[in-house]
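In the two assemblies presented below, chain A is common to both, partnered first by chain B and then by chain C.
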Partner chain A sequence: MNESIKEQLESTFKAVVVNILEDSRIVVDVKKEQVLTVLKFLKDRNFDHLALVSCVDWIEEKEFELVYILTGYMQGEKEYTGQERLHLIVKTRISRQSPQFETVTGIFQNAEPYEREIHELFGVKFEGHKRLTPLFLERDYEIPPFRKDFDTRQYVQDVFDKIPFVENNDK
Partner chain B sequence: MEILSVDTNSKKTGSGRELELYFGPQHLGMVGNFSITLKVEGDRILKSTANPGYLHRGFEKLMEYRTWIQNFPMVCRINVVEPDSMEMIYAMAVEKLAQIEVPERAHFIRSIYLELARVGSHLFGLWAYANMLGFDTVAQWAMYHRDLILDLFEELTGGRVYHIYIWPGGVRRDFNPGFKDKIVNTLHSIGGCVPDYDSTFFNNRLFYERAKGIGKITQEQAKQWGATGQALRATGMAYDIRKIEPYAAYDKVEWNVPVRQDGDAYSRVWVIRDEMIESVYMIFKLLDAMPEGPVYNRIPNPFKWKIPKGEVYVRCESSRGELGLYLVSNGGDKPYRVHFRTPSYPHGLIILEKLLENAGIADVGNIMISLYVVAPEIDR
Partner chain C sequence: MDRNQITKWLKAPAKMANKYSLHAIYFCTGCGIIEVPPVITARWDAERFGIIPVATPRQANLFLITGYVSVKTLKAIIRTYEQMLEPKYTVGFGSCPINGGMYWDSYNTIKHLDKYIPIDGWIAGCMPRPEAIFIAVTHLWTLIEKGMANGYVRYKENYEFYRKNQEMALGKLDWPALYQINSDSKAVEYE
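Coming up: the complex of A and B.
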């Protein structure tokens, strides 16, 4: 099963690198121009559940890595075919200087809140996304807080050390 | 509920004006720290916007500052109601990255422990749901029975709510002598009350009238919106990670995936009931099949523990649906990136918003709780 997916991907797309790490885990490295077509291709081959969209900040390489994790729903209602076991980790790198990427909400509707989250926490702008509004945070940070150069501990010190302690002699 | 704005110029049907309402976080129909902004006309909802973030503690970022072992007290706090599957998934990911084997007995103990947690969590969900519908008696029973399970956890792990019992390489300690019998006794006393639950709640006409047809989704919609767990199983698909990609000891015993067909609140709550009963039977089978042996494989010194470079996505079936964890290591003593795929995330941010359109205000709590949305899991 995983061999045939590897073959199909590598024969259809040129620059795709497929690694089978384990029986059920396949990592697919994709150029950023190809992400949408690869995702569409895989969705048509029963990988129809986008489980997660994630982002990793590789600060030393000055790149963000966008990660799409695809699994498949069952084709029938009761029978397990074995393909549900597989999950694909589709990865692509984008520049950290001007983090911009295309939205995949056209292919997977449920990518919407994940992309909103990445926009908010990493500052990646998704073109074509209809609702890039804040999700969790209530303040506007200079550096999006999940980036590696945002030091949470330093931030807490900077903010809270300015507030004086109360005098309390009640011992 | 607080009225945010009144628009008198809009169309004049029904009550004749549109209101914008805040539903939650301090509202009787709302469980947990979550709010929804509703645009209503009369008592019909035109548009709803979910507002998460009241419990955003940034755990995923904080975990990048702590060693692999130090993160266990953090992961379990991501889901307050059922912390156990969180421990499990983090342990699974670390084990996969560091290639640690788990002894056979520990697999069984983990499964028993996770199923107990599932029953406890479902009883909590039943409490919330019954309370919301006004079935106070059933709610109190469910809370009482959940407490019995927490007593078991207290004896096993020392903690009632947060246990930190699952550990990379196994579980922290073995069952005490006689603990098996205690599990059996507790489950018998809970299971003995199922007929009472059925006659007062599940077979009650009031529950049927109140939940039938509410918050209905088709299987196609469920797939599009990323539903898992009860929301999907209530539409007829037996999608359960415990069957699809068995972990712990779930492939060692026979059990069934409860399924319903209609996709509404009524079906979802029935799936929850059937799952509790299935879990109880499963625990009995696991207790019988449990082998003897060690429960723990030693891990390296946690203070100097470095995990090889790599990335992993693992998933397990929490009481709400597919729980996933994407974990990246860059070869250091701390995780490089942690990202949880929690089941409530698509349920609360996508499906809830879609289902509330054209629903009545009286059904907001019904839809939300039947979708089993837990706010801390969304915010993380």
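Coming up: the complex of A and C.
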């Protein structure tokens, strides 16, 4: 199963790097232009569940890495057993200076909250996303707080530590 | 009933009744809430101490804050606290409400909960054992008896400053002030 997916991916797409990890996980490194077609290709081959969209901040390389984790529940006509389930990890790099990417909500609808979360915590803008509104955060942050250059300690000193105690704590 | 407490009952029956019937609202924040189900059920049986969990803040007078307090949670904590019946007692459970605990440099976690609402007692630890809740409750009994568990009185007295701190953390609050703020009433007089 692993090998057949690897062969299919490598024969269909150019410049796709497929690595098979030990525990039934396959890592697919793709270029950012290819992401939508690769995801569509995989969805047609029974990887129909998008488990997670995640983001990694590689600050030294000045890039964000978007991670799409796909699994399939039904393998064709066969009955589902947890044994043969594959996890497919699609990775891509985008620029950190102007973090923009296309939304994948057209293919996987459940990517919507994940993309909103990444938009809020990393500041990546997803073009074509219909509802990029705030999701979790209550306060306004100058730099999105999950970026590596957001200094949490400085922020805590500037905001929460400046709030005074109401009563004298020595009592 | 303990026989040598009869004089206490006769002197201040209301205080003794308060002491032995604490109705607790468990605010399910953070990981501390996992210690509460064994406490209120048969294993440790909090009803031996007169503690019973209730459904809503309007029936409660003991507030257990069991874990880290994020900015969003703080809003809910303040609203819950303001709805509770007087006399009301608050206990911070675990090290996170005390000084942030392991979230002391988080972008979104409130350190020092006592800047925003008055706290009558703390249970330190990460996590405290369920027995620590009962130790805290027996301490709270002594405090109630001596009239030292007066967080709700201090809240009323210092409401202006508490409200100011709450606004510093949360921005503009979208609910009205619980008590009249003194500086406002002065401004009205001068007009």
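For the reader, a short list of remarks on this structure follows.
The definition used in the following text is that the second predicted complex is superposed on the first by the 156 of 171 C-alpha atoms of A that agree within 3 Å, B and C clash if a C-alpha of one lies under 4 Å from a C-alpha of the other, contacts with A are read in each partner's own complex, and residues count from 1 in each chain.
We take it that a contact is a pair of C-beta atoms (placed from the backbone, for glycine too) under 8 Å apart; a residue touches a chain by one contact, two chains touch by 3 or more.
All of these numbers come straight from a predicted model, not from anything done at the bench.
In the overlay built on the shared chain, the residue A:Phe160 is in contact with chain C alone; chain B does not reach it. In the superposition on chain A, no contact is made by A:Lys130 with either chain B or chain C.
Contacts of A:Ser54 after superposition: chain B is touched, whereas chain C is not reached. When the two complexes are overlaid, the chain among chain B and chain C that reaches more residues of chain A is B. Within the superposed three-chain model, A:Glu112 lies in touch with chain B and out of touch with chain C [touch as defined at top].
Of the two partner chains placed by the overlay, chain B and chain C both lie in contact with A:Pro145. Judged by the touch definition given at the top, the superposed model places A:Lys14 against neither chain B nor chain C.
Once both structures are placed on chain A, chain A residues 136-138, 145, 152-153 are touched by chain B and, in the other complex, by chain C. Residues 24-25, 27, 48-52, 54, 56-57, 67, 69, 71, 73-74, 77-78, 80, 84-85, 87, 89, 108-110, 112-113, 135-138, 145-146, 152-153 of chain A are the ones touching chain B in the complex.
Remark: chain C residues 71-72, 75, 104-108, 110-112, 114-115, 118, 154, 158, 161-162, 165, 168-171 touch chain A in the complex.
Interface of chain B with chain A (complex): residues 52-53, 56, 58, 60-62, 65, 223-226, 232, 236-239, 243-245, 259, 311-313, 315, 322, 324, 326, 328, 336-337, 339, 341, 345-346, 349-350, 379.
Taken together, the chain A residues at the contact with chain C in this complex read 136-139, 141, 145, 150, 152-153, 155-156, 160-167.
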